[in-house]
Amino acid sequence: MSERDKTGRERGEEWWQTEIIEMAPGMIRLRGYEIQDLIGRVSFPATIWLMLRGELPSEDQAALLGIALGAAVDHGPQAPSIAIARMAATCGVGINSAMASAINVLGDVHGGAGEQALEFYGDIAVAMDGGDALEVAVSARLERFLNQEKGYVPGFGHRFHPVDPRAPRLLELTREFASRGVIGGRFADIAEALEAEIARRKGKRIPLNIDGATAVIYGELGFPPPLTRGLFVLSRSVGILAHAWEQTQQGGRNKGPLPREWLWAYTGTAPRPLPES
Amino acid sequence: MSERDKTGRERGEEWWQTEIIEMAPGMIRLRGYEIQDLIGRVSFPATIWLMLRGELPSEDQAALLGIALGAAVDHGPQAPSIAIARMAATCGVGINSAMASAINVLGDVHGGAGEQALEFYGDIAVAMDGGDALEVAVSARLERFLNQEKGYVPGFGHRFHPVDPRAPRLLELTREFASRGVIGGRFADIAEALEAEIARRKGKRIPLNIDGATAVIYGELGFPPPLTRGLFVLSRSVGILAHAWEQTQQGGRNKGPLPREWLWAYTGTAPRPLPES
Amino acid sequence: MSERDKTGRERGEEWWQTEIIEMAPGMIRLRGYEIQDLIGRVSFPATIWLMLRGELPSEDQAALLGIALGAAVDHGPQAPSIAIARMAATCGVGINSAMASAINVLGDVHGGAGEQALEFYGDIAVAMDGGDALEVAVSARLERFLNQEKGYVPGFGHRFHPVDPRAPRLLELTREFASRGVIGGRFADIAEALEAEIARRKGKRIPLNIDGATAVIYGELGFPPPLTRGLFVLSRSVGILAHAWEQTQQGGRNKGPLPREWLWAYTGTAPRPLPES
Amino acid sequence: MSERDKTGRERGEEWWQTEIIEMAPGMIRLRGYEIQDLIGRVSFPATIWLMLRGELPSEDQAALLGIALGAAVDHGPQAPSIAIARMAATCGVGINSAMASAINVLGDVHGGAGEQALEFYGDIAVAMDGGDALEVAVSARLERFLNQEKGYVPGFGHRFHPVDPRAPRLLELTREFASRGVIGGRFADIAEALEAEIARRKGKRIPLNIDGATAVIYGELGFPPPLTRGLFVLSRSVGILAHAWEQTQQGGRNKGPLPREWLWAYTGTAPRPLPES
């Protein structure tokens, strides 16, 4: 590369800037660490943390991250993401594409509750930083939600599970890590206070769900809300892959949502002739 | 931009080379034509042709392309592509993403039959170019298929329609365009001879389907086989959009494949305790 | 299917309801019309309209829809959608998947300006329905935008084209169709008044762009704003396909954004040894 | 649900069959284990194994799986997958959709080398099961490849790295796990014999790359070749997420592949007037 090329090439290369990875022929560094130093010495969850945060976590932090990632891997074929993975696997595309069609639908409704929950907790934490007591901050934020926003409080309630079996276990583990000083425990406090306040106001318990519980953990570990959705994608990708693979082995071609001998209900215009133009 | 930059910038720009579009501030040309000259004077199907082929079609050619594109827009919610579009539309993603998850599954099995059919016809056409009579070429290719390849002859038979109502109408129109000299009619001959030969060998009629019929038209118009799949994507995208939009209006959150109060059949390992590690 | 099956099957089939398509073995109806009646008698843009709206358009309406669809097919490889289609085409996936990765990014920023523009026009139209004069309604809405919202007025200005060559031509055609009574012309009035008011307030002309111009047409034709994005997807899919196909023919494996012999600028942490755990 | 519903519902539910997950209100079991038993006691890589294989791995097996997953998380913005993730992140779509567009391109060329490598190794292993010595089996398979197949031997050579720094480290760890009896070491033997034989025949060393090295590990652990690609997707998703997130923080709208002030090289037809129709 001659000097005359330099400026143009430099401009091209600076268009793609990253703090994540450095490369030269025969060399790969992630966040400043040689890849061959990382391999075999840093666990997979710790590598995820390093890539997203820029620094290595403690072993305990990595363990807690791994716990949250493992908890949400699957919710069965009635979840649109899982059903899509299985249907796609029968359409003649690679397993990567079956996964992509599925991951793509982990949007605001299907994958965004954790992000919304952590934002909600964060608003309360900010009020507490400003001097509010936990209960006051929780009550005020919930009040605002019930008055101005709509739908479900993010992170609470489940249309299928009266109590989501993942949530209490995750909260229990969060408390355990907090007791050992790995995390502070503030988001666990907020989530529990929220659950109590929702019960008080609604007159019935609407328990913390998986999204609310993983949001607690991700928040405790210092992840910003949008990464909560990204981490959920990493987690659910495991179930998406498992189901795409199982469907591949079951076979089938162009699997539809209902048994092949069924159709759908047509509710439109009755048969009619094409008008003479 | 100084002269010193030139070489690097030129190298960057030549990395992205295209014969399709030329631009400068205030100017857009497609295949050499000013965009403002095209707009309002060239139909949408003709624009599709120009973009893919590099030259403008005749009005008749564009009309026949439009006919094939219009014929395959939808096959209902039991098609994985349509079901996926509708499910995705309830997951909190944009309509573009609902469409993408659906289009993505128009793979070898769900979207590739037209491409395979046109390749099959093309093999026969090559044999005819080499001097074989139509019936000889058809019989030889079919013989090879039945002996060495497997599954269905691409473009023939339908798991739902005894006769696909789109195919005979498309073939009728193809004959009409051929009679006016717009196209040659050779691929229509090949498809009909194939249908007859399959019937003779199998002892029952396995009629031409939509993929086989559109492949005839795309072949007559000179499109190479891989574009047949691309054109099918353009066509089916219309139904995908219509269903995504209808589902958006129907509402629903995280629509699964089966009624919400149903589950799926679990056929795996019985409940078991986690082993002591 | 016995009577005992009926209730469960009916419940299954009603889970998937549509007014778009009706099917039985050998029969396909779109919006009440037999598919074989539509094929060859209804143009591709008219079929798009029928699928999305439920009724057939007039020939003029279909023509105007086709004009808007044809205008936005491509904006070259510096548009992320087009670049993604070309890169994907070198990665060993089907043309449908290359298209899907590209279409998927036609989101709020890349594909949403038309939708936002039509919503903006619609707010003004509502004020006019309430009795406001055009200029008053335009000025009030723009005032609100400049005070409370941020960024660019949707549908105006272009980072590359001082004047987007597609917009004036589309507006000219809109006027022509309005003069023949095909459409009312109100959205064209609104867009022109907006352009004038923006110029007055900003002291420089920020002209209507392709998104603003197609939003005028889609609004005139009665499409709701979210479909504006869907129609843009149908339109841009043509360019996406053309570029994916051209790249396939050019060849290449795992095409990156920059020339192969270049890298990117690494701006992160300096090399460091892995800490002793 | 009455008895009359039963048959239809049962048919619906059996259409979606899985051995992976069992659910009832308040209960989730993965492969027979209660989710609350798994959470906190089974690592993330072990959960991935359980989901894909149906049984829990040993701690050592899970550790080796985690090593392979961690090794391939990123290869920088010149990889199409990473570039696409970053571009998508500027287009106004959710982080899940930015990830999906990227994951989607991990196809036969970009993501399939590991799968192909493991199939290649497997052919050699089968010959060894039939009685061939390692060197004989390797030589015969390579002979066949060089004579009948084309391109690169899958898993060997790298267009950028003279020696891929990940591969020797992964092989060293594989040997270490084999020496402790966690795995057999046969695929490591095959890969090393292949490398030697390629060098002998080509007269230059074409070293094992990341795909070839992870294929060794996945093969040693008993994963079938198609899952090798699925595991690569899980691994690379980490880098895809990290880059999408970094780009989100850097900002930008509709990021193209080249610096904004550049274009592309147009190599098509010269400007021409639209023909009079």
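Each chain gets a letter, A, B, C and D, in the order it is written, and its residues are counted from 1.
Keep in mind that, in the parts below, contacts are C-beta pairs under 8 Å (C-beta built on N, C-alpha and C of every residue); 3 or more make two chains touch, one makes a residue touch a chain.
For clarity, every value in this text was computed on a predicted model and none was experimentally measured.
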Going chain by chain, each one touching the next, work out the least steps from subunit B to subunit C. 1
Which chains lie in contact with each of subunit A and subunit B? C, D
At the place where copies subunit C and subunit D touch, is the share of residue numbers found on both sides over half (same) or under half (different)? same
For the interfaces A-C and A-D, which has the higher count of C-beta pairs in contact? A-D
Sort the other chains by how far their Cα centres are from that of subunit D and give me the top one. C
Which whole number of Å gives the spacing of the CA centres of subunit A and subunit C? 29
Quick one: subunit C and subunit D, Cα centre-to-centre, how many Å? 34
Between subunit A and subunit D, what is the gap in Å from one C-alpha centre to the other? 21
Residue list for subunit D, restricted to those that touch at least two other chains: 9-12, 14-21, 23, 34, 38, 42, 76-78, 83, 92-94, 96-97, 100-101, 104-108, 111-112, 257-259, 262-264
The answer for subunit A against subunit D in the complex is residues 11-12, 14-21, 23, 25-28, 30, 34-36, 38-40, 42-45, 47-48, 51-52, 66-67, 69-71, 73-78, 83, 86, 94-97, 99-101, 103-108, 111-112, 160-166, 168-170, 173, 226-227, 229-231, 233-234, 237-239, 241-246, 248, 250, 258-259, 262
Mind pulling up the subunit D residues that touch subunit C in the complex? 2, 4-12, 76-81, 83-84, 87-88, 90-93, 97-98, 100-102, 104-112, 159, 253-258, 260, 262-264
Considering the complex alone, what residue numbers of subunit D touch subunit B? 1, 9-10, 12-23, 29, 31-34, 37-38, 41-42, 54, 56, 59, 92-94, 96-97, 100-101, 104, 257-259, 261-275, 277
